[in-house]
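Listed next: structures, encoded as structure tokens.
After this come two complexes, each holding subunit A, first together with subunit B and then together with subunit C.
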Partner chain A sequence: MTHSTRTAPPPDPLTGPHTAGRRPGHRPVDRRSRPRSWRDHPLRRVTPWLFLLVPLALLVTFTYVPVGNMIYYSFTDWDGVSPDRSFVGGDNYEELFTRPDLFRVFAVSLYYLAASVVQIAAALYFATVLSFDLRLRNLFKGILFFPYLINGVAIGFVFLYFFQDGGTLDSVLSLLGIDSDHAWLGDPRSANTALAGVSVWRFTGLNFVLFLGAIQSIPGELYEAAQIDGATRRQQFRHLIAPGIRPVLSLSVILAISGSLSVFEIPFIMTGGATGTQTFVIQTVKLAFQFNKTGLASACAVVLLLIILAVTWIQRRLVPDEKVDLV
Partner chain B sequence: MTAPARTPAPLDGRPARRRPPRVSTVLTYASLVAASLVVLVPLLVVLLTSLKTSGEVADGTDVLALPHDWLNFSNYGTAFTDGHMLMAFGNTAFILLFSVTGTVVIGSMTAYAVDRFEFRFKKAVMALFLLATLVPGVTTQVATFQVINSFGLIDTRWAPILLYMGTDIVSIYIFLQFIRGIPTSLDEAARLDGANAFTIYRKIIFPMLKPAIATVVIIKGITTYNDFYIPFLYMPSEDLGTISTALFRFKGPYGAHWETISAGAILVILPTLLVFLFLQRYIYNGFTQGATK
Partner chain C sequence: MGRKILGTALLTATALLAVAGCGGGGTGSSDETAAPPLNANSVSGTIKVLTNRTDLVQDGTMKKYAAAFGKEYPRVKVEFEGITDYEGEVKIRMNTDKYGDVLLIPAAVAKGDYPKFFAPLGSTGTMEQKYRFTDKTDVDGRTYGIANFGTANGVVYNKALWKRAGITEWPTSPQEFLADLKTVKDRTGATYYTNFKDGWPLVSPFTNSIGSVSCDAKASDNLAVTDKPWDTGTDLNVIDTLLYDIVHDRLAEKDPSTTNWENSKTLLAKGRISSMVLGSWAITQMQDAAQKAGAGADSIGFMPFPVQKSGTYCSTLLSDYQQAVNIHSAHKAAARAWIDWFTEKSGFSEAQGAVSALRSAPLPATLEEFVDNDVTLVERSEADTAEVNAIDNASEIGLNKQDYRQKLIDIARGAQSGTLEGYFADLNKRWADAKQTAGS
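Now for the complex of A and B:
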């Protein structure tokens, strides 16, 4: 394809020499207040679709087809293997909402929700502290962030060793003069607390770096002005830092909520969901791939999807996000 | 993006602009050191354990005790050979190569089409991509598994490759942000010289996307390297283990052999550490961009 015309960015007026080359009738005033150009060429209409063909095919095949199928499966009693399945209406949903053991796993999310409060608070504290000039600033920044990059299975093993009897935690505690032979992963409460603690260890770094980036993008002159006006550090935090990080903070909150609802990797690797550490996603995965209850598992997945969509929607309503400029 | 240079540095000898008051300085450092210990101690103990002999680990001495022989790498040998770590690194590298390349090509093509063309349903297409970010990947595996199964790709390395390529909206977004900054006059100049849309993409846009490509390669590389669930679900056979699943399988045979498990874990962490040390700045920027998409 050769096209002698050029596409003009809207503010840039078309100039003669570019269009004069091939096209005989260069009309200064067109129906669309712009000369016929490459924009109106039939091939121009197909080209973007050629670029989008593969990406869209992948997106539809691996996101939308599964979501559609999942909704369909959730109304059947399919076991995921046999060729026949029968339509059972809302039975799976009824089972999900009436069998308390199926829904109770959501309670485990509360541990992770509490943990994410700790996580965001810690991240906020360290981001504020490290936005000032300190010795070894980059070293501390690196150490705090690094856990986020570590492989989840490796983290799982590191902390299995950490929490086991006579493991790292017990040894450190006895160094500090506290003798404990508590089986950290032995009962539901302490096991869930321990696992939520691992999640804090793993994800604080990401929040921290996000907050730090937001704080550092606040111009330094503002701090100077504040200091000249005699603002205390607390006042600086409230009136300078807090507004500057609000978008990132709201993002972190939404990530924390949807993350707490869909916890999977760490408990799956460390305990496999034993001793009351089963999360909703672990349960869903087990229903689907161990107990061959694809129908029921799909219903679980649909419920989780709806909850997450609702949470996101509420967040968008509460905090109108000027950053969403993708569309 | 935050420029590190923006932080005031006390080069001129005068007190820095953003220095905290003296009284709290000690407490500040104390909290930082404490946090660093919380991060490092669990990892260092595992490093120590990986250098111990099975006798040292089994006789119930303090886990904080130092190994007798600091150069005892035999556990690494066991992890490498018996734990199939070499094969696992191979499989991971294979998957990484294809999925990262695919993500870069697909993401940049999508961004180019969306940013440089006006077409019908453009908003609908973008909404489709945007909405997909909200779908939690782990749960839809219930149905995705059946899709992959219908293609006959279960237990092949193509299953994870396709899934990693097909569901990466973050990288599309990173490319989109970047492509907006490339002046359209470049496209137009090329078009005047007779270049078609594909040539423009390949010869002009793609080379100029280098910084964005670096970001995507790093983020995608690290998340793919660390992913556990997709290879666990789609590649059950042992010789298709990736580093995550191969390490996970240490749990059975080495259940009580913490020295071997530790060596395996350190082997997995080490490449990440090296990448982090060399590419720190890109990694911070990349993950900041990726998360605030």
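Now for the complex of A and C:
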């Protein structure tokens, strides 16, 4: 499902200087006997920070400041343009939680959630099949991963033509002798299914690559041993592959759920949220940029962030990340 | 401890920058009027003009205007910046000081904020004698913008096609229009086109027609005081009912969800589309498309909204974007000189087939038929637009957004549940509620 790029947390910078002094092969020396060097200089502790300056500056400027601003806006009545804004306390949150219609759009996410089940199953299937020795294996890997490399906006336009009246889908169906006169994006059910289908097409490749990587990291001897013991392919999957990729699988599920809750690009480009395809993020964007309710929209964004954090937390509690030990 | 330092550092930096960021968006302090220069040689400087017409910037038309302007004002240099997503981008840029010297006022800016962003151009009392549409930018007796052009609202149709179907007279009522659409569809296969996917053709041409039905210049202002804008017989009721009926009677395109505006021009020219509700600005574009399709420019016709008020047609006349001078501009006189020259001498509005902002200028050739048929042009008052927009935004209906008419079409074609009456009742209720809370 939708997968947003997050900046990785910065590596703990202080493990650097501590271990540096006790590197293996570096004989411990008596401090007094050694001449004073740069290693003892107090500024030395600053060195890792100097290295981190640029990435941290970027991280703060482009991630934390905007988020900080957003949280601040969510407590104001700002319209997005005016130089004046006044602090309104929790009014935006109060409005948000007293208007159930604002949360009704989460029903649309169910389509994407269902689609992500299909997506993970398909990715798992292809990853398993292609992890065995097959002819044209790399070609198929490329074909499966390719959609993920295409820009989401371009995908939106491609599929707009695909679903058009008399477009690609209709022509292909008529070649097969099915003369459908269905407007694919015409009613909420079929439109949401179509959009979720596009989403599956786009993100299967990503899941596939993650699964394939995990499967290939399982040591080859295990397969050999299994084969010698006469295990079938199905048994190999059940007892080797499935437990081996469990952490990646649980990561994929988290990404799928948070992605389903925050779908944006594809429906926004293809239908603009018309015909019952509006998602929570599209609704937020419309509140902010059409109705000039930047404050309320920021509150929506904060709430979505909290919902996703909560869902992730619950999921981690239900399915804890166990250490996998195959050997 | 290290983690704590990192965390504190990040938090402090974030807080500082957030506060600094919030301080942005300076308010112009200058109250100086951007008056037209007395002498062409007295103004100098380089001015930047923001425009939504990227097509004219790219094909060099704007450069030609700048060159002609340069002959009169040799010491002023004009630069253009064409912006595709004009509304979205300029709105955000207006949080800084740098939004060009001359710009088109984005619709999102609240009228009451004009004095904070733009230099006044003169007192409304004197401006309105020379220019049309000044009430749209009038704040406390001063005018902040001059329209780049105005458009009449009506229906663009393929005249040759309608003639082939045997219709030569303009319909005088919505029922007649529906009957005509049906005749045209039965005889030629061409349908009405909603442009549902692109959305904006459902917005301005329809909402701008408020006033065409009642022939009332105050029709839009009245929205600020009514509790039921969609009540039987009101402008919005008639306009939206017509759209509903067109779609409901299957007289529109088969699949609205995948329409394409650029393509619709060719389809109209080729006679696959019979008509679209649009502003008169669209006529020249349709004529171009007709010429490219080999049909000849005169195959495109423009009729008023199909309603008559005591035997005459009415058509609202509205301004397009308003040109304004940035309050932070260092070359206000030069900027004003450009606006005046562009409005009076460039020939831009004639080239666009649009109505000039100058009261003294004649109507364009595209509206010849309106003049010949005595269509009353209603120059709609925009005096209370600020209040109307405030209610509109509070209600989240969006008279100037596509969503509510897209839903109307969805209901009409059965894609979403509901009835026309129920939908209008809901809209009325939301409007009335918002009017209470918007409280201005």
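FYI, the second predicted complex is superposed on the first by the 274 of 327 C-alpha atoms of A that agree within 3 Å, B and C clash if a C-alpha of one lies under 4 Å from a C-alpha of the other, contacts with A are read in each partner's own complex, and residues count from 1 in each chain.
Going forward, contacts are C-beta pairs under 8 Å (C-beta built on N, C-alpha and C of every residue); 3 or more make two chains touch, one makes a residue touch a chain.
Computed from a predicted structure; not experimentally measured.
Visitor: Name the contact category of A:289: first (subunit B only), second (subunit C only), both, or neither.
Guide: both
Visitor: Answer with first, second, both or neither: which of subunit B and subunit C does A:185 touch in the superposed model?
Guide: So A:185 only meets subunit C here.
Visitor: Go through the superposed model and pick first if A:80 touches only subunit B, second if only subunit C, both, or neither.
Guide: both
Visitor: Is A:262 touching anything from subunit B or subunit C once the two structures are fitted on A? First, second, both or neither.
Guide: In the superposed model, A:262 contacts subunit B only, not subunit C.
Visitor: For A:69, decide between first (touching subunit B), second (touching subunit C), both and neither.
Guide: Once the two structures are laid over each other on A, A:69 reaches both partners.
Visitor: Could you look at A:273 and tell me whether it touches subunit B, subunit C, both or neither (first, second, both, neither)?
Guide: After superposition on chain A, A:273 lies in contact with subunit C alone.
Visitor: Just subunit B (first), just subunit C (second), both, or neither: which does A:132 touch?
Guide: first
Visitor: May I ask you to decide whether A:151 touches subunit B, subunit C, both, or neither, giving the answer as first, second, both or neither?
Guide: first
Visitor: Which chain makes contact with more of the residues of subunit A, subunit B or else subunit C?
Guide: Of the two chains, more subunit A residues are contacted by B.
Visitor: Residues on subunit A in contact with subunit B in one complex and with subunit C in the other?
Guide: The answer is residues 56, 60-61, 64-65, 67, 69, 80, 167, 289 of subunit A.
Visitor: Flag every residue of subunit C that touches subunit A in the complex, lowest number first.
Guide: 2-3, 6, 10, 13-15, 17-18, 21-22, 25-27, 88, 91, 94-95, 106, 108-110, 113, 116, 196-197, 199, 254-258, 393, 396, 398, 401-403, 406-407, 410, 413-416
Visitor: Taking the complex as given, what residues does subunit A use to touch subunit C?
Guide: 10, 12-14, 56, 60-61, 64-65, 67-69, 72, 79-83, 160, 163-165, 167, 183-188, 191, 271-276, 286-287, 289-293
Visitor: Going by the contact rule set out above, which residues of subunit A touch subunit B in the complex?
Guide: Where subunit A meets subunit B, its residues are 1-4, 6-9, 18, 38-39, 44-45, 47-52, 54-56, 58-67, 69-70, 73, 80, 122, 125-126, 129-134, 138, 140, 142-154, 157-159, 161-162, 166-168, 171-172, 175, 201, 206, 209-210, 212-213, 216-217, 219-220, 223-224, 227, 233, 247-248, 251, 255, 258, 262, 264-265, 268-269, 281, 284-285, 288-289, 294, 297-298, 300-301, 304-305, 308-309, 312, 323, 326-327.
Visitor: Which residues of subunit B touch subunit A in the complex?
Guide: Subunit B residues touching subunit A: 1-2, 6-10, 16-21, 28-29, 31-32, 35-36, 38-43, 45-46, 49, 60, 62-64, 106-107, 109-110, 112-114, 117-120, 122-123, 125-130, 132, 134-136, 138-147, 162-163, 165-167, 172-173, 176, 184-185, 187-188, 191-192, 194, 196-198, 201, 222, 225-226, 228-229, 233, 243-245, 247-248, 250-251, 258, 261-262, 264-265, 268-269, 272-273, 276, 280, 283-284, 287-288, 291-292.
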